[in-house]
Structure formats: C-alpha cells, structure tokens
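Lettered A, B, C and D in written order, each chain numbered from 1.
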Amino acid sequence: MKSNAPLSDLAARAAAFTAERDWAQFHDPKSLILALTGEVGELAELFQWAAPSGEGVSTTRAGEEMADVLIYLLHLANALDLDLGAAVTAKMDANDARFAVTDVRSTAPRKA
Amino acid sequence: MKSNAPLSDLAARAAAFTAERDWAQFHDPKSLILALTGEVGELAELFQWAAPSGEGVSTTRAGEEMADVLIYLLHLANALDLDLGAAVTAKMDANDARFAVTDVRSTAPRKA
Amino acid sequence: MKSNAPLSDLAARAAAFTAERDWAQFHDPKSLILALTGEVGELAELFQWAAPSGEGVSTTRAGEEMADVLIYLLHLANALDLDLGAAVTAKMDANDARFAVTDVRSTAPRKA
Amino acid sequence: MKSNAPLSDLAARAAAFTAERDWAQFHDPKSLILALTGEVGELAELFQWAAPSGEGVSTTRAGEEMADVLIYLLHLANALDLDLGAAVTAKMDANDARFAVTDVRSTAPRKA
C-alpha cells in the first residue's frame, strides 16, 4: 500500500486486520474511544515538557503515536459504518465557510 | 475533492487552509495536541452515557467530531513536516507482525 | 462544606448526589472515564491557543473545568470503592522517593 | 499526612515537591494539561478492553493512575494560583441546583 493511499483503503485494511483476528467483538465505540484516548495521552506525553516548538521530540516517535490515533479513528469509523474521508471533506468544506479568510486572517483560531 | 482522497491531499488542503489564514503562528505542536484533546473530549462526550454499542448516538455528529480529530492530526503532521500516511502504513505493517493472527485470534487486543 | 474539606468528604458528597438521582446505574467505570475525558477536553480547549503562560485565560473558567475533572474522579473512585485520598498520598510518597531532589533538581521532570 | 487530608494540604504538598526540585519552570498550564492528558490516557488504557463494569481491572492500578491525574490537577491549581477545593465546592453547589432531583431522577445525566 502506498503512503498516499486514500483513507478508504486504510479503513479497509483496518477492517481486514480486525476481521482476521475476530476482534470486532471488542470494537464497540466506547472501548475504541477509550483506546483512542490512550493513544492521544501517549502523544501528549511525548511533548509535555518540550518547548512549544516541540524541539527535541523525535518525529519518528510522534509519527508512531499519531498513527495509533488515526488507526483507532479508522476502527471507530468501521464500527460505526461511517465514511471518515467523506466526514473530513464535509468538515473542511464547513470550516472554509465558517472561518472566512477576510474575517480571521492572522487572528487566533477559535476552533478549526 | 473526492471522499476517497489520499491523506496527502487532505494534508495539503489543511496546509492551504492554515496558510490562507496565516495561522501557522498558532500551530505549534503543544497547542495542536491540546486542540486535538479538546476534539477527542467532544467525541467522548457524545458516547459517555450511551450503551456500549453506542445506540442512539448520531452517526453524523460522531463523524463531525472524528473529522475534527483527524483535521488536527493533519495540522500536527504539517507542523512536524511528517507524512501521516507513511506513518500509518508503517504502523499497520508493524501491527500485522506484532499481533500474529495465530497468537491473538479472538483474545482481547492489548494495543493495536 | 468548607473549601478545605478533605477528599473523603467531597467523595461522600458526590456519592450522595449520585444516590439522590439514582444515577449509579450510569456510573460504570468506562462511562465515567469518557466523561472525565470530556472535561479534560474542555480544559484543554480553554488553553489551546493561549501563550504557554496561559495569560488571558479566565482562572474562574479554568477552575470550573478542573472542578468537573475532579468531580468525575470522585465518582470513579466511588464506583470502584477506592479511597482517592489514600491513593494520592501513596503516590506522593512514591514520587518523593522516585524523584530524589539531588537527582532531578532543575532538570525536566519525566513523570510526576 | 492522613488519607483524609484536605485538598489544600495536598496542594501544599504538591507545591513543596515542585519547589524542592525547582520544577515550577516546567509547570506552565499548557505543559501541565498535556501531562494530565497523558495520565488520563493511562487510566483509559487500563479499562479500554474491560467489560463496562471494569471487572478484572486492578483497583490498585486504577488508583495509581487516578492519583496521577489528581496530582497534575493540584500542580495546575498551584500554577494558576487557584483554590481547587473552593472550585469543587462551588461546582457541586451549582450542580445541586442545575440537576434538581425531581427533574432528573433515574434519567441519564447530561453533564454533572
């Protein structure tokens, strides 16, 4: 699989991983969100005492934790039968409209 | 952009969104991880009192919060100059090896 | 109740709150940890775009979110029949030993 | 220190721990919230694959992670010069009023 694989291919690979191991029985939404929270916690720990720039934190280690976060997002999308790529594109469309460049340029974001 | 756009296209769109608003100045890693934590919190709140199956939770609302989580992951990948798709593929490769089907089938996962 | 009430009094008050509303049925550990995650997310959102010093963030608002985090910790302690004050004191004793002043003075903490 | 020490005593002990190690320089709010997130993540991981009841999870281990969460809350309260006990009592008062027993008895909480 190429590194620029679409999200739908990554979601399919996550689904196959789960099916092969008969792990769908563990993949209810609440359990998966707790697992996602665990990975976000590991990502936070990597940066907690770093300078704001993150200098000194291993990009490789950060990538591993970020990958874990995304993998659980994919498992959750599969559990909910939800198209994550479509959800992201829809949210990006909404953010483009909500945060008009002329309104917010150079001012701190609120949520985007 | 199609819903099956590759992660690299989504990351490029997130980068353009940030550049147009001159928001890179706010996108240091620690701030972005806090923002990511905020979105994970909103996702958790959607499901906190639901049954384990998540019955009754709006899939649309879940998709919106999951999209926010992924969007901040993309912003973080951009801030760290990191290829999230490559990181995910590498982690999936590692998980395939680490959780051999013959070892773990039908037993609760530890971390995957 | 005075503001310097012991944790055990606060835990008892949380237990009474739950019992009066017949909410113990909702207070399983996984649901409570998701609720706790939600409150941590709200705390993170307050500070996400602030300077590292947190300047400009309302201390009152921060206190409200921190209170919510602690209240869910108390509910979780009650659900697990666990003495949170004893757990904290034990962990503080362990941290005193683990992070000897002569070893770690002025160097970034690892976990404490 | 007794296990039923008031929060103010626990906060004072946390402040002394920090001062002795000259760690206040690391204890800006954003860093502390990331550290708190890390500990919440460890707590979530303990329960992620457990049954909703949490059966099988070590109460001792849960208490250790919960203690870590509370310790970082105390450090954050100290960094913000905030009385956590007063904040909790005020929030409990507000919750008593907001969730009147006659309104919410036996119905799923929304946020409390």
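Assume a residue touches a chain if its C-beta (ideal position, glycine included) is under 8 Å from a C-beta of that chain, and two chains touch if they have at least 3 such contacts.
A quick map from chain label to UniProt name: A, B, C, D = Nucleotide pyrophosphohydrolase.
Keep in mind that this is a model prediction, so the values were computed, not measured.
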| item | value |
| --- | --- |
| Of C-D and B-C, whichever chain pair has more C-beta contact pairs | C-D |
| Contact-pair overlap exceeding half with B-D, pair selected from A-B, A-D or A-C | A-C |
| Centre-of-Cα separation between subunit C and subunit B, whole angstrom | 26 |
| Centre-to-centre distance between subunit D and subunit C (centres being mean Cα positions), rounded to whole Å | 0 |
| Residues within subunit B bordering two or more other chains | 26, 30-31, 33-35, 37-38, 40, 44-45, 47, 49, 52, 108-109, 111 |
| Interface residues, subunit D side, partner subunit A - complex | 26, 30-31, 34-35, 37-42, 44-45, 47-49, 52 |
| Contact footprint of subunit C on subunit D as seen in their complex | 1-10, 13-14, 17, 20-23, 25-26, 28-31, 33, 35-38, 40, 43-44, 47, 50, 52-54, 57, 59, 62-64, 66-71, 73, 76-77, 79-92, 95-96, 99, 101, 104-106, 108-109, 111-112 |
| Residues of subunit B touching subunit D in the complex | 30-31, 33-34, 37, 45, 49, 52, 108-111 |
